[in-house]
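Chain IDs A, B, C, D and E follow the sequence of writing; residue 1 opens each chain.
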Amino acid sequence: MSTVLDATDLTVEYRGHRTVRAVDGVSLTITAGEVLALVGESGCGKSSTARAVIGMEKPHSGEVQFRGRPVPPLGLRRRATDLTAMQMVFQDPNSSLNPRKRIGDQIADGVTAARARGLTSDTPEKWLGAVGLDPAMVSRYPHQFSGGQRQRIAIARALAAQPDLLVADEPISALDASSQAEVASMMRRLCLAAGAGMLFISHDLSVVRIMADRVAVMYRGKIVESGPTATVWTDPLHPYTKALLGAIPRPDGKGVLPAAPDAEAPAAWHEEMPEALDRS
Amino acid sequence: MTSTAASPTPTRPWQRWPLLGYVLRRLGTSVLLMLGVTMVTFVLTALVPGDPIAAALGEGAASNPATVAAYIEQHGLDKSIPERYLIYLTNLLQGDLGTSIKTGRPVATELATAVPATIEVALGAIIVSLAVGLTLGTIAAHRRGRATDQVLRVVSLLGLSVPTFWLAIIAYHTFFLRLGIAPGAGRLDPAFTPPPTVTGLYTVDFLLGGDPVGFFDALAHLALPVLVLSLFTIGLLTRFIRAAVLEVLDTDYVRAARAKGLPARRVIVAYVLRGASLPILTVVGVAFGVLLSGTVLVEAVYAWPGLGTYAFNSAINLDLPGVMGVGLVVGVIYLVINFAVDLLYGVLDPRVRLA
Amino acid sequence: MSVLSIRDLTIAFGRHDPVEVVSGISLDLTAGRIQGLAGESGSGKTVSAMAVLGLLPATARVGGSIRLAGTELVGMRPRRLNTIRGRRVAMVFQDPSASLHPQLTIGAQLTDHVRAHLRLKRRDAQQRAVDLLTQVRVPEPAEALRRYPHQFSGGQRQRIAIAVALACDPEVLLADEPTTALDVTVQAGILHLLRELVDDRDLAVLLVTHDLGVMSAVADEVAVMRYGQIVESGSTHDVFTDPQHAYTRTLLDSMPDAQQSLVEDDE
Amino acid sequence: SGGNSSNNSSGGSGGEGGGTLVIDTAFSLETGDPGRNYVPTGNMMLHAIYDTLLTFEGSAEDEPIPSLATVEQNEDATAFTFTLVEGRTFSDGAPVTADDVVFSLTRVQGMTESKANFLMNGITVEKVDDTTVTLTTEGPSLELPAIVTNPALSILNSAAVTENGGTTGEDDGAEDFLGSTSAGSGPYMLDSMDITSRAVLAPNPEYNGEYAPSFDRIVIRNVTESATQLINLQGGDSNLAVDLNGDQVAGLDEGFTVSSSPSSQTIFLLVNQNEEVGKVTANPKFAEAVRYALDYEELLKLAGEGSEQATGVIPPMFVGALDSGVTPDPERAKQALEESGYDGETISLQFPSDNPVGGVEFTPVAERVQAQLKSVGLAVDLAPAPFATEIEPYVNGTEAFSMWYWGPDFADSSSFLPFGPGEKVGLRAGWEAEDDPEIAELVTAAQDATSVEEREQAMREYATAMQEEGPFVPLIVPGLNLASDTSVTNVQNNTNWTLDIPLIQPAG
Amino acid sequence: MNAATAPRSRPRRRRLLRAIPAAWRTPLAVVGAVIALGWVIVAIIAPWVVPHDPLAQELTRLTPPGEVSLLGTDQVGRDVFSRLLTGARVTMPLALVMVVCATVLGTLIGSVAGYVGGWVDEALMRLTDLMMAFPTVILAMIIAASLGPSLFNAVIAGVVVSWPQYARVVRSLVLSLRTQNFVIAGRLLGYSPWRSLRSDILPNVAGPVLVLASLDIGTAILLLTGLSFLGLGAQPPTAEWGSMISGAMDHIDAWWLGVFPGLAILTVVMAFNFIGDSLRDALDPLSSAEREGAAGTTDPAEADPAATPVETPTTEEGR
């Protein structure tokens, strides 16, 4: 399969009062039709990685290649047409749609982007249907939808552009617990149907388990463990991965308290374990 | 100029501030800003289609060639405008604000009396509006949607609607002449001698000189202009503080404070107002500028020898150095206020760093 | 024995045409036990908890009865309620960063109600605060008193918030989604802490959460709310293993844990 | 609120045997140095502090009377011998000597940057002996006695002034000194002065002249708004208001005395004779049309109490003034307008808007002029500007049609000769000497007169000619309204110093 | 499952459309609208209804109200009532023009500064700083004095002093919008910067700017009348309220000269302030919820009218 995304040695820094190195030497590859999940605790640099990948943030060092060509940072210039094959779905459904524009028009923008690359794309109504919404609602405004629905619309807009790569930054964490799994599986389904690759970011390992082909566990800016989801889930190697998995409370009614790490951040979590990377 | 950054470094505010670098940078931008202010004023005044000399000398002397020549020389009016600006800047660096074309006195001397007079009124008005605005704004926020809130809303919007220049004379007529409860015009009763100048604020100077009678007289003369001026800022602050308090009232930390069973008064003072202090501080800075503007329209009525009158007279008399002086002073006041506001930010909010 | 008993609690909002958001729920909190309250967003969990402390806005109308060891709390005058708030019934809010005042030191927020309720001297109150911080395992407690909330991590902040709630030795603790904003590893620590405190102090806890995993891990009893009503309640084990109400079942089924992986084959 | 401030009346009580006199006026004060002063408030204040060689008493301004000196003039009116009266002293006890006179007058001559400098142009000062000084001029100068009454030519204590930086050259540095204390021989002394707010006078203990100080303290306050002056007077915060207009004093009740009299100023219309500047206004018929179109009595109503119709360029109280002014004649005006070649275009009337003269605001007058001219078919729009902006085009003679005022530099008719063709004001109307050689001759005649009778004759002829052919339309001589409460008496006005402070007495 | 069950949310009108009727419902807004409308009507029909030519000096001067005319006559015998009505034609349109110009200019500069960023932002913001360093009236005074006093120049002065606040507000709005996900999403779809600004950013800036502008009309009227009062605005014989008051200063005993124009200014400014304040309330989610009786919302989702309650089991998480 063809590689759509190849990020090597990405480093992202935020300069300010003190320079924060949010991403510290992260390498990722995604092939077409594959879902790679990036998990880790809050603030570990998942979003920063996603932003660097899509070009919203200029990496401090390292390189991002999309289909073999470098991704320039999103500046004042208009984005090159073929780069519109990279799309993103954001965490906050409230801010990912323009509140003053009908949702149909917003999805249509995706369609236009696909056409500009010489591809065909369905009508906004079709896309609405595809994400499980009533096609009759195209002429509504975003505020007339619930958060979950808005997230679906955002997904429809991204998919309407017929992307080769979809970057989804915690697309489901703002959703009601009961619909998280459903939206996640829908995304996977639609993405794979289009033959696109997906970078799926989440802090919730149990969601990641059901939908990702591969998973990369991130801790404090570094990837500490990666490999096929089932392998990592059943047999974690890195102490941090173990702690992460162990801390998930199971709704089994058994009253078992999840294991809690002693201190806030045991030294072992910082350990580099080359054998935990690229597991098979 | 401030930013929030979360980093667990030292504990005391003054230890945390890398003050020197900050102050230096701040000074740098201030100097640039002042340069801009002087330039704008200079250009504006140079545009004026009049002859400052004729204006200053008036009828008789304007026809006396000797005097005109002396004037032109004294004020360097024969030079080109850029040249004059450069000379002005050079003198400025030596603390010389030039000489008024109209009166022939150093602008610095004239401003030295005008500025404190206005500052005294403006400060008074700020104090009054803050006190009233805090009270009314907090009450309105607590009673939001109820009758009290509506009444306060109308009252504060009314305050924002009154033309000050009109109110000034009406208030003077009413409170001094009709009711006899306000003292006459000016900063002091004619029977009093101004206190020895320390700060230039009569009330403060009287206190420093240990003269309570003079202090009360100065205070009484301050009352009417302050009240008239503060009507607008009371409205401004009340509306604003209401909004700020509302925002804070809706936070979890206030809810948490109430859940702790703290007395209502303590919740308001220690938690709510504390939480609203930053936006309030900002709007107080804005209000100060509004007040400085307002004085122009009010000072004449109260025979108050302040900056407003001075600015008006300088502008109308084409007194270039005078206008420049006003621009400069007002710019400095603006910078000082902004600086003070930013410093206070740091004091009031541990999250704010001066960076 | 029930410390806090809620009977037929109704809550409505709006003066003109009131909307009832909670319609007659009953719950009993018992010392030394954690009562879980689950349910979807907007079902009325938070407002029910707030009604106990009289923290609802003036537009809310509360009906029914809430009794704390026999004393009726509904309709109690604010001044008297203040002697109960924080002293006998305490509350922890969802967002640890939002429930601490950003401009006040931890010390001030930990001691002001202690001094108001227990009339302790400053020094004693501070000593008490240090003890509390030690108990909730905030490192360097003495030093921590002088710091501001932003100088702590999210987990630490929630621990501090819990310490604030426990400062006056309350009998009842209302915890409204105390771990939702935290990472799972941090969440696990807080859950342990909660369990420990309940066991050590004989606290009665109302734990509001929508996370069934959390519920299953720490709650002794569970009540499930929907549309302002309790649709199912019972011991945690029973509810989770043998849900009676259809809604509870849907809820459990939709959990990712209950679902099969969508990834068919490894590559 | 204001709180404890019930001393409205006590502060300003000037009645009982001295006490404080509070005078409100809109300040034009610039300096405490007589030699540098040439503004009304300064004159008012300095007249109470300093004596001049000659003076006027109150509003009696026909002829200067002796003050520090008596005067003798020669036949040609070119040499004037001043003999100091005996025994007068300065406030520090030093006697007034001829040296002081020479110093004071030459000092003004030396200070070229002083606005008063021109008063001494062409005058030579010489000391004869300790009590005698002569002033000589090149040509006949009957007005010299009037000139030396000007407070700018006050006699200073030369010893004190020299000690504090005073010189007779360009390097004089005594202004600051004279701004904080005084060095004169007048009834009062300067106690303190802030040119933006107030000047305080105290009695001169060494005073030994005619007008002994009768107040313990005189406070002259800067109150720019006449409305505030009125309220202050009514409310008892001041005893005397200087700048009230006719309507304002008309509304005062019995508790107040008003001394209204015409000022020596004249408000007039200027009609430019320069074709390049004025186009149609340059036609003499245009001025005629304006002159006869106006209803002067109606205009006068705006000016109120104390004002008079301007009968000509010389105001009524001066030698040579005409007895009656122009009688309106709309028909004549319309005809003249037609003859002038005017065909309906709108003419701008320029005037200074921020400079009331004797309480008369220019704006309503201009509005009324506009309305009246409209009735004869002359369309005018108003183009006011601040004095400072307006004065330059006026002085340079580039205003086609404007409204200005003229006041004498000293109380003498010769101050009105500048209206003549080719003279200072005449030129401002684009009126060259050759435009009207006849009137130009009349001006010379008036200037060169050496006897009072000869002069009066020449003046009258000049005024008459100006009224018929001049490019000026005198409108109003505004009144000066001095309003005072009952605590003071003998409030008199004067051309030179507006209000004669030394004359004022406490009532009762 | 919730994919299938589309929420039966009540049909809702656009937020702005919805906001206006809500705002109109408050008594304050109604009073403001009625007064403002009244003055606007007066301004339109004034020439036909005034009993006298506002410039004609045909009456006895200084007669009190009721004697020869409704509101008395002024110092040159003009009818105060006619001048008052005519005055509405002068100040109000100019204040509107001033606010519109300041808004356009400020929005333009602010959005360019905010969107382009970098040194352009720096330079433009220093410029606004510079303008804000002068108190408005003083700067306006200097400008009016140097351009020469006239109403037109007063408006220019007003624009010069009031655009910076718009620039600031717009800039900060644009700055925060620029990083909003929907703007970035647009850019990822290949929007040009101009298109992004036009279709994603400016429409979302419009609301707050509109509120600011409506609150500013009152201030603009106060500024213009204030300048006229100082003699730097309207010139005689124009019937303008500020200069009418200025003329009245010399006739303080003829109270009707000043009181009526003062009240006219007061009522007009008040009306616009009422409207602006209500509009702000209506657009401000917190208080619009409050007006609907839901004071003290505990649920932020509820506080945001965008996130309206939906009667199906499937709504999003509270936060």
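Keep in mind that, in the parts below, contacts are C-beta pairs under 8 Å (C-beta built on N, C-alpha and C of every residue); 3 or more make two chains touch, one makes a residue touch a chain.
Values in this document were obtained by computation on a predicted structure and should not be read as measured data.
Peer 1: Determine the shortest chain-contact distance, in steps, between subunit B and subunit C.
Peer 2: Minimal hop count between subunit B and subunit C: 1.
Peer 1: What chains, if any, are shared contacts of subunit D and subunit E?
Peer 2: Touching subunit D and subunit E alike, sorted by label: B.
Peer 1: Give the identifier of the chain nearest to the protein's overall CA centre, each chain being represented by its own CA mean.
Peer 2: Centroid comparison flags B as closest.
Peer 1: Taking CA centroids for every chain, report which one is farthest away from subunit A.
Peer 2: Farthest by centroid: D.
Peer 1: Kindly indicate the chain pair that has more C-beta pairs in contact than all others.
Peer 2: Top-ranked chain pair by contacting C-beta pairs: B-D.
Peer 1: Give, as an integer number of Å, the spacing between the C-alpha centres of subunit D and subunit C.
Peer 2: 87
Peer 1: What whole-number Å value describes the gap between the mean CA coordinates of subunit A and subunit B?
Peer 2: 53
Peer 1: Between subunit C and subunit E, what is the separation of their C-alpha centroids in Å?
Peer 2: Measuring from centre to centre gives 47 Å for this pair.
Peer 1: When the C-alpha atoms of subunit A and subunit E are each averaged to a single point, how far apart are the two points in Å?
Peer 2: The answer is 44 Å.
Peer 1: If a residue has to touch 2 or more other chains to count, which residues of subunit E qualify?
Peer 2: Within subunit E, residues 1, 145, 148, 249, 252, 293, 295-298, 301, 313, 315-317 contact more than one other chain.
Peer 1: Indicate the residues of subunit C shared as contacts by at least two other chains.
Peer 2: Each of 40-41, 50, 59, 94-95, 210, 250, 254 in subunit C touches at least two other chains.
Peer 1: Give me the residue numbers in subunit D that touch at least two other chains, ranges are fine.
Peer 2: 225, 227, 231, 354, 385-386, 389
Peer 1: What residues on subunit D touch subunit E, complex-wise?
Peer 2: Subunit D reaches subunit E through residues 225-227, 230-231, 245, 247-248, 251, 301-302, 353-354, 359, 361, 363-364, 366-368, 370-371, 382-386, 389.
Peer 1: Which part of subunit E faces subunit D closely enough to touch in the complex?
Peer 2: By the definition above, subunit E touches subunit D via 55-57, 61-62, 75-76, 145, 148-149, 231, 235-237, 247, 249-254.
Peer 1: In their complex, what parts of subunit B are in touch with subunit D?
Peer 2: Interface residues on subunit B, with respect to subunit D: 48-52, 54-55, 57-64, 66-67, 69-71, 74, 102-105, 110, 113-114, 169, 172-173, 175-177, 180-187, 189-191, 193-194, 216-217, 219-221, 223-224, 227, 300-303, 305, 309-310, 316-318.
Peer 1: Once bound in the complex, which stretches of subunit C touch subunit B?
Peer 2: Spelled out, the residues of subunit C in touch with subunit B are 50, 53, 55, 59, 78, 81-87, 90-91, 93-95, 98-104, 108, 112-113, 116-117, 146-148, 150-152, 161, 164.
Peer 1: Any idea which subunit A residues touch subunit E in the complex?
Peer 2: By the definition above, subunit A touches subunit E via 54, 56, 74, 76-79, 81, 84, 86-88, 90, 92-101, 106, 109-110, 112-113, 116, 131-134, 137, 141-149, 152, 154, 157-158, 161, 174-179, 182, 186.
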